[in-house]
Every structure is written in C-alpha cells, then in structure tokens.
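Below, subunit A partners subunit B and then partners subunit C, in two separate complexes.
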Partner chain A sequence: MKSNKEKSLYPMWFVIPSLIIFGVFFLWPIITSLYYSLTVWNFETAKFCGLDNYKLFFSEHAMSSSVVHTLIYAFGTSILKVVIAFFIAIFLTSKIRTKDFIRSAVFFPNLVSMVAVGLSFAYMMHPTKGLLNSVIQFFGGNPVDFLGNPALALFSIIMVDVWKGLSISVVIYIAGIQSIDKTYYEAASIDGATSWQQIKSITLPLLAPSQNSIIILSLIGGLRSFELIWTMTGGGPGFATDVLASVIYKQYAAGFYGLSTAGNVVMLILISLIAFPLQHFLNKREEAIQ
Partner chain B sequence: MNKKVLSVALCGVMAMGIPTVSAVAEEKPYEGVTLTMWAGNAEYNEGTKAVMEAATEALGMEFQVEINPGGSEGDNIIKTRVASNDLPDFLCYNSGSKLYDLNPSRAFLDISDWDMVEKFDDAFLSSVTIDGAVYGAPQSSTQAGAVIYYKPDYEELGLEVPHTWDEFVANCQALADAGKTPIYFTGGETWATQVLFLGDYYNVAAAEPDFAENYTNGTAKYASTPAALRSWTKYEDLVDFLNADKSAATVSDGNLAIAYGDATHWFILTQQLPMIIAEADNPDDIGVFGVPGDDADNHGLTVWEPMSFYVNKDSENIDAVHAFLDFYYSEEALDLYFETYGANGPSCIKGYELPESVCNAVRVDMQAYFDEGKNTPALEYVSPIKGTTCEQLTTAVGLGQMSGEEAAAAYDDDCKKSAVQLGYEWE
Partner chain C sequence: MKKQKRLLVLGDIIGVIVTAIIFLVPFYFMFIQSIKSKKEASRLSISLPTEVHFENYAEVFKYNNYQLVRAFKNSGILTIFTVLGLLFTAAMAAYVIQRRRDKATAAVQSVIMLGLMIPAAILPTIHLLQSMHIYKTMFSMVMIEIALQTPFAIMLYRGYMASIPTELEEAARIDGCSRWQIFTSIIFPLLKPIQATLIILVGVTTFNDFTNPLYFLPGAENVTVQQTLYNYRSQVQSSFNLLFADIILITIPMLILFLIFNKRIVDGMVAGSVKG
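Coming up: the complex of A and B.
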C-alpha cells in the first residue's frame, strides 16, 4: 500500500513543471492561433470573419502554389539526404586512410550559418559572374540561370540544402553502422557473401532505427524551411520558390496578420498530417525487422 | 618655491579654463542629447551626415542611426516596432499610401503647428497629411519614376529622346543591333522592377483622368482598363532587350552599369541619380526622360514625393528633434545637403533653388517637365491602396515568366486584399 502511494506521487510532481511550460508556451498558442486565424486582427482589435482567410489562402495562386513547393522541397531534400548520406556513411566506415579528415570535411558545411550558405551560393549561382557558370563556360557549356529560371530555381535551392544538411544524416548513419555487431559480418563473409550482399542484408536492415530518425528529421526540417530560400531567392523569381514559411512571412510583413495566422495553421496541419502517420509507419517497420 | 608658484599659476589657469568651457556649453542647447533615428542607406547618405555634423556643431545633439534594410523586410520591422511602441526619436519612411499602413495617428506626432511646415509645397504636404494632421517633413527633394539613360550611346547612334513608346522600342532595337545592352533590369532587387509599372502612371492618368478615384472605389481594374493594362504589357515588349544577369542584378549593379555605359536605359527612381553620377566620368553623360506613352505631345513625368521624417509621439527628445529639423530646412543646411549629396529631382521646399552643383539631369531634363506642368504624382500619393505582391509580379513579367494580362489580373486580386484590410468594401 505504502509503496503504491509513493509510486504515484513521484511522477506527478516531476511532470507538472514541464506540463505547465508545454501548456503555456505550446498548447495555449496553438489554441489561440486557431481562433485568430478566423479573424482579421491587428495588435488592438480582432474581427471575426469565419473561414475567409483560409478561402483566400487557397484561392490565390501565389499562396496555394506554396503548398506544392513545400512538399517538393521537403520530400526532395529528405530523399536525397537519406540516400546520399547512406553511401557516404558506408564509405566513411570502411577501411580508408584519410577517414578522420573526410569525416570532418563532410561535417564542415553544417557549422556554417544557413544565411551565410544561402548568400554565398546565391553569388556562386549568379548568371554571369558566378563561379558555377564560369566553370560551365570554361568547359564550353552555356551559362545556366540557376536561381532566375522558375523551372530550375527550387531544385537549385534543394541541392544547396542537401549539401548543407547532409552531414547530420551522415553522423547518425555512422553511429548506427558502428553499433552493428561485427560478428554478423564475420559470419557472412565466412559464408561467402560479397560486400554488396553484406550491405543489403546486414547493414541496411539493422540501420532502420537511424534511417527513421533521419527521414523524420529531414522531412520536418524541409517542411518548415525558410532561411535558405529567403536568402537565395526571397521566394522569387515571381512566386516560383515560395514555400509556406516564406508566404506566411510575406503576409505578416504586409500587415495581413489574420491571413498569416491562417497560413501557420495550414502549416501545422500539413506537418502533422505527414509526420504522425509517417512516424507510425516507420515504427511499425522497425518493429517488424526486430 | 618655484614649484609652488608654478602650481598656483596652474591652478589659476585651470580655474579660468572652467568658466570658458561652460560658456561654450550654454551656446549649444542640446549638448549631451543623443537622438536616435531609423533610416535606410539612401536617406542616411553623405548629405544627411554632413547636415547632422553641422547640427552637432551648432546645436550640440548627437545622432545614433539604425539602418533600415529596405523593401518588405524594412516594412515588417517598422510595422512591428510601431505596434509594440518601440520607436526611435524620429525615423525616415515613405510618404503616401505606405504611411497609412503604419497607423500614423497612433505612433507619430502631428507637426502641423511647427513653423517649418509653411515651407513645404502643397504636393508634398498632401502626401503626409491624414485627416488634417501633418506627420512628415521631407528628407530630400522630389524624385521621379523614369528612364535614366547613358547619353553617349544616344550621340554615338544619332538617336533622339523618344516621346512615344513605339519610338522607345525602336531605339532599343537600334541599340541592340549595335551590340549594346538597351535596358538594365534588376531582378535581384525586386522593388526596383516596379518602376516601369508605377512610372507609367502619368500615361494612365492622361488617358483615364478618373482612374485613381475609380480604382480606390474598386470599380476600375488594371486587367479591364486598356490604358492601365498597357503598364503591364510594356514589360513584354522589352523582354529581349535586357542584360544577361537580369534575374540577379541588384540596384548597386545598375548604378555602375549606367554610370559606365554598360547598359543604355534603366527604369528606376531618380533617387539613384546622385549615386550614378558619383561613379560616372562626366555628370553630363547621364540624362532622364519620363516613361513614354502613346501621345508624342503629352510626354510627362510621374513624380514621387520624398521620404519623410516622422517624429515619435512618445519621444523624450521632441524639442531636440524640432530644433534639428528647423536647422535642416535652413537655407545653409539645404545648400550643404544638396552640394554634398546632389538632388533626386526639383526641391519641394517653396522658393528654394537647387545649387548650381546639382547635375543637369535634374536641373535641365527633369525641370523641363515641371516647367511645362507635365507631371503627375504617382498613384501611391493619390490612392491609399497598393497591392503587396506588386514587385514579385513586375519581376515575373519583366523576366518573361508571365504575360502582362495574367499579371494585371493577379494584381487586381492582390489590391482587393489590401483594400479589404484598409476597410474598403470592394465587390
């Protein structure tokens, strides 16, 4: 009886502080933003307007197209990171001499601030003076307008994001690979498995937990991405690289606070709709393997 | 003994020194006051700095300036600061429609009873007056949204200043045939791409005198008013004449391109003139003409009122700001400003003549439009409504990624959003 009482006391008091912080700083803002997204508000008044903000958000091409761009951006960066980082990690855990140096070189882009990366790549991708085009022209190619061509601009930014964000995924993979018991590989090589078969049948399945973290992290990061796009194109040319976050920022800057709040709610719902089922699915997959 | 005499003498000198110092301090009534200001780089220029130094010399106040990053980032910052009551003592911001967005009656001091207001001309005053209250004082001269061009190219090919849009396009073709870059487009700094559209308003107003009123009421639309639609389709005519780095070029690139003659024309606000002329070999190489319309006899200029100084209503240093601005509009300070920095256009101070050192582009080319009465204030001084995605649309049309009709229709929707926000009932 006594031990039971102690058990129930202990977690309650431990949870309350974080529950209060969560409630005040996370739960309450979410609820109020739901209300304010249904109003036209400024810092003094709020006028209820029903679903008008949402209707406007989805009826105007400049804003609704941002949902598509966000999805392309998030899935594009996430898939590339998951795949490329896997091979880099395999390479960096194999028996090579300059392993330590290459590991730091791969991690280096992550130490630079997003804004600095965005600005430097915007200069490098300049249509006439940029480094990339100088190289292309040196080898006899035609200059490419990486950020000024609406068909290319979003993909140019995705490439930069992958360059910068790859390292975190590589580190997670390396940690995962190193925790795999070496005896599996020994047993497999005695049985005559090639290294590709070892990667496919031992490394890949046992890496599932690391891979799941990478997928979730990079996908959510991609869905709410802002700084890189803002510094490289500002959402332009026209609206070709506008994502949810940049549209929300622009509406806020224009003084359309209600519309901007509605955009935030749309973003919250979009992220939840993608992240929760995905997490569920990935957990299932992980359990199945184990 | 000698040391004692010396120390007594030194004490005497020091004692005499103290009253002299305090007498100087009394002549400078604002010694020790530091005024905070928020302004963009174009406003906090060499001329403004020179006048501020002179003011520190004469009145004693010091200045601390925060730089406005410009464009929509700047708008965002200042709107947030107005809303959160976190303003400097005074600041520089647009006059006209953008002033409405700042909710001026709440944030800024009504300066209509200050003497200096009598010096400002009516066109300027109407751009900073809301419900009878005057909020702003002009930071600089007027300016125009016009074509700044490199004259030696015109002389070399024997071209004339065009008075119609067709003549202008023909000139561009001739320049392109001669291997020159006819037009500079700065897609890397989107605000600047609006100038052709906004500067074409003289021609819209000439064809449809009621456009501003009907547009404000929501009855006239860009997509359905032929003269207004023309402002958008003009971009289409120029797509083939632009610089190679059109999507990334910035306004600073544009200053250099026109100053060195790397490109011939640039649709831009004439606030860039002082910066272009500072780089040019010969100030007379640079000229200005208004955006051409369809009537050769009615070629006019769309005029912008200058950025204005606004005074924080809750500032503790209102007297010092008042004294500084009184000083700013004295003949000597105005001369100092325009001689140091140059002018963007004719001055909006009544009875004041720009000094001889100001370039011919302003004193001859632009002044001619004013003398003939062929100028009209830009739409943003006549109507409070301006769509917020204007600069994205003009960039997209300018780069040939969108047709003029599409952009006009999108802009109409965008204006509706702004109108609703300002409390207009548009259908």
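Coming up: the complex of A and C.
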C-alpha cells in the first residue's frame, strides 16, 4: 500500500534530467578513462599499451613525487583547518561583541577566486620586495624565499590554502555549536566545571558530526587541488610543488593524453582509498559517541 | 565578575586586531595596488600611493580589445544558466530521492553521491565533447558545471526537503492536483531558503572557476573572468596595477551577491552539513 502511494505521488522520471546530465558529462568519461589510461592516445587513435603509462608515471620522479606532495598538501591543509577553525568558532560563539565583524572578515576570502588569491599572495611572498619579507626584515629577520625554496614552497601554499578555506570550516563548526543544547553547559557550570573543561567534555564530542564534514570536505578538496598551486608556483621550483592535478595538466599540455589520463585514474584511486574508509571510520566514531 | 568583563574586552581587542592583520591587510594590499601608477605598483609595497590612478580601472576594460567585457559576458551567461539549470533539475531529483524509499531510488542516490568524492576524468570528457561536436561551446560548459555540482545541490536540497511535511502533497493530491502541479506550485516555492544558499554557493563556485573553463572552454572568444587574470600574468608581467584592478573588478559581483544573501549562508550550511 505504502509503496503504491509513493509511486503515485513521486514519479521516477523526475530524476531523469539530473541523471542524464550527471551520467553523460561526469560518469561516462570516468568509465572510459579506465580504458584510455591503458593506451597511447591523441583523441584520434588510441593504441593499447597495457600498463605502460602507469609504469612510466611511477618510475619518473617528476610524476611519482606528485603523489607524496598531494598527500602532504591534503593532510596538511585538512588538519590545520580542523584545528584552527575550531578555536575561531569557539571564540566567535562566546560573548564577545565584535563577532559579526570578525565573522564577515573571516568569510571574505571565500568570495575571491583561487586565481586572484594565488596571484596576490605570490606577490606578497616575493623574495625581496614582498610584504611578508618587509615585515620579517622590519623585525630584524633574514628574508625568506617562500616560493622559491623547494623545501618551503609547498608549505607556503598550504598556509594560503588554509587562509582561503578556513571560513567554510568555521561556518560549519558555528552551525554545530549553535545546535548544542545550552542546558549541558548550565549543568556543568553548576558542578563547577571550568570553561576549558566544558569545551573539552561537552563542545568537542558533540561537534563530531561537524568535524567529520570538515575533515572529509577539506581532505577531498586538498587531494584535487590545482588552481592555487598552478597560479602560485606552476608546480615549481623544479617539480617541488607538483601535485596530481598539475601533472595531469602538464601531460595534457605536452600532448601525452594517455599518460595524463593515467594520472587522473591514479587520483581517482587515491581519493577512493582514503575517502571511503575514512568516512566509514568517522561515521563509526560518531555513532560510538552518541 | 569585573575581571571576566575585562577579559571579554581584551578578547574583543585582540580578536579585531588579529583578524584585521590576517584577513583584511591582503585586501587592502589588492586595492591599494590597483590605484597606483605602473612604476609604484611594481614595488609591491603597502604604502599609500603618491598619486591616485583610478583610470586604471578604465584601462583594464579597454585592454586587449575589450577582453574583460567579453569575459564578463561569458562568465555571466555561464553562471546564470548553471544556477538556473541546477536549481530546477536538482530540486526535481532531490524531491523524489528524499520521498521514495525503494531500491531504485537508493541506487540513484548512491551513484550521484559518488560525485561528491571522486574527481572528474578530464581528457575523456574533452574527447566526448569533441565526438558530440559541442567542444568549446557555452552549452557544453554549462552542462559540465551542472554535472559537477549536481551531487552537492541534491545533498543540500535533500536535507531541507526532509523538513517539509508530506501531508501537503497528499492533501493536494486529494484536491485533484497533478504530480507535476504538486511539485511546481507547492513544493518548489517552499524551497526558497535553501535556494538562496544554493544561488550564492553555486554562483560563486561557477563564476570563480578557473580549471574547468581552462580545459573545456579554451579560445580568445570564450575567455572567462578568471582567465583574464591568468592572461595578465603572462602578457603584462610588469603591469601590477592593472592586474590588481582586474582582481577588484571581478570580485565586486561576488561581493554584491554576498551582501544580498549574507544571512542565508550560515542557515544553508546548517541545513546541508548537519542534517545531510
């Protein structure tokens, strides 16, 4: 009876427009990419070559190191966002009066494009003239080559990514904090708990769902990241900041379409290997807490 | 009690100063660079300009045979059609996915939610567009933007849809409304709050997108606003003042969108991230 009613009220064809657009322009290319990654390909002809593209990908340091950079980038940005955004959100939901101003200011970078942010910060990090080095030199330090030093470049970009992406995490945390029942805090302060104890034993565990969203969102975003790196360093110096997405673009620009597609499949596998188990684990943890 | 009050004031002061330094100085830098002369801008300092050059903004528009005008037109069309298309198709899909509980719907749902995780396959997409003879067209770019953002839009809609009681639809059905009428004249208008969130999030994402137009919409005629920035970097290495004027100009539409829908952002996030 119930399923009859559902059938009569909610026609299945309503999902067809979405499903066709999503299937044709997203899913189908992913399915065919599995084949094209095994070929020497120039859009006209695709010559099957087995796993050669993958072998080449992992034997060339310029490409294989991009996997490591991608992991450092994704985990670095994700951890920093989860931790820093938590404290900002706690601060913004306290009794301070300037929170509307601070909230808007923190949200502002979200409106500016990655390319604009990347270019602006690249100039602020200029090794001799840049704003950051002027400040460092003002306090008597030695100028730092933020983007030219291979050991430092990736971390400089990570900091900019955190600066730009922090607001989404803060907003998700604030939403989570506001949905926590106020009576928990009242009961805790009657029992004499300090505010730090309250944050640790009430806020933090009850924020697990928000925290999980932030971890998954920023980790997947980090694993796919391209625009900021491309505009700030173009993968350099050398290939010190090359990530999977920039290798895909470089091989495309060089005309190695099969190899580029293999890089795309490596990214797909890497994200699947990390994101699906992680989500499963985080959901389990969330259930255990509640 | 008094001590706590003093602590709060201290928190206010420190909070404002830290926020201003970390989040506002970069924007001050962008703006001040955009009104300097070419020579002064190349020094990349944050000091005030000795002379103000607002005509930089007019120059950006004229640069490269009115490239920026074309870019605003292209990005505007792309953003508007993506937002409109997504608002409607995702609402229809989310409505049925949220309401029906059978196996087919569950399958559709889990396939579409894959899109939240896995990355698009870029070159096979270009190949597909070429074989359909729609490569480098605005139509294919709109379709790709819709396809990429469908999972997120459905997730947001679905979270919100759960709060709309089904009795409404049943009553309308008894009154003799068709299923299509129930959706368009009863359900769709109730989705306004979440649509405001979607308009700003999808609008900003699409307007600020650099990567997808780079791959799927190349060519001077097809230039989008983010491409103009990138072109500056390679073409006029020394004209920092124009580059930053360009940054300011293409951020203004997003700022206006933000001012209109400001309050909705947090509400929408609550609906999307916590319920979803």
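In the analysis below, the second predicted complex is superposed on the first by the 265 of 290 C-alpha atoms of A that agree within 3 Å, B and C clash if a C-alpha of one lies under 4 Å from a C-alpha of the other, contacts with A are read in each partner's own complex, and residues count from 1 in each chain.
Convention: a residue touches a chain if its C-beta (ideal position, glycine included) is under 8 Å from a C-beta of that chain, and two chains touch if they have at least 3 such contacts.
Owing to the predicted nature of the structure, the values given are computational and were not obtained by experimental measurement.
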Check your understanding: If you stack the two complexes on chain A, which partner ends up touching A:S94: first (subunit B), second (subunit C), both, or neither?
Key -> second
Practice item. Quick one: name whichever of subunit B and subunit C touches more residues of subunit A. Key: C
Check your understanding: Which partner does A:V40 reach: the first (subunit B), the second (subunit C), both, or neither?
Key -> first
Practice item. Considering only touches as defined above, state whether A:K129 meets subunit B (first), subunit C (second), both or neither. Key: both
Check your understanding: Between subunit B (first) and subunit C (second), which, if any, makes contact with A:P29: first, second, both or neither?
Key -> second
Practice item. Considering only touches as defined above, state whether A:A175 meets subunit B (first), subunit C (second), both or neither. Key: second
Review point. Just subunit B (first), just subunit C (second), both, or neither: which does A:A253 touch?
Key: first
Point to revise | Footprint overlap on subunit A, where subunit B in one structure and subunit C in the other make contact | key: 43, 126, 129, 249, 252
Practice item. Enumerate the contact residues on subunit B facing subunit A in the complex. Key: 72-73, 75-76, 79, 83-84, 101, 103, 187, 190, 244-248, 388-389, 392-393, 395-396, 399, 401-402, 410, 413-414, 417-418, 420-421
Review point. What residues on subunit C touch subunit A, complex-wise?
Key: 8, 11-12, 15-16, 19-20, 22-27, 29-30, 43-46, 89-90, 92-93, 95-97, 99-102, 104-105, 108, 111-112, 115-128, 130, 140, 143-144, 146-148, 150-151, 154, 169-170, 173, 179, 182-183, 204, 207-208, 210-211, 214-215, 226, 229-230, 233, 240, 243-244, 247, 250-251, 254-255, 257-258, 262, 265-266, 269-270, 273-274
Practice item. Using the touch definition up top, name the residues of subunit A that touch subunit C in the complex. Key: 3, 6-12, 14-15, 17-19, 21-22, 24-30, 32-33, 36, 41, 43, 91, 94-98, 101-102, 104-116, 119-121, 123-124, 126, 129-131, 134, 163, 168, 171-172, 174-176, 178-179, 209-210, 213, 220, 223-224, 226-227, 231, 245, 248-249, 252, 257, 260-261, 264-265, 267-268, 271-272, 275-276
Point to revise | Sites on subunit A touched by subunit B in the complex | key: 40, 42-43, 56, 60-62, 122, 126-129, 143, 145, 147-150, 234-240, 249-250, 252-256, 259
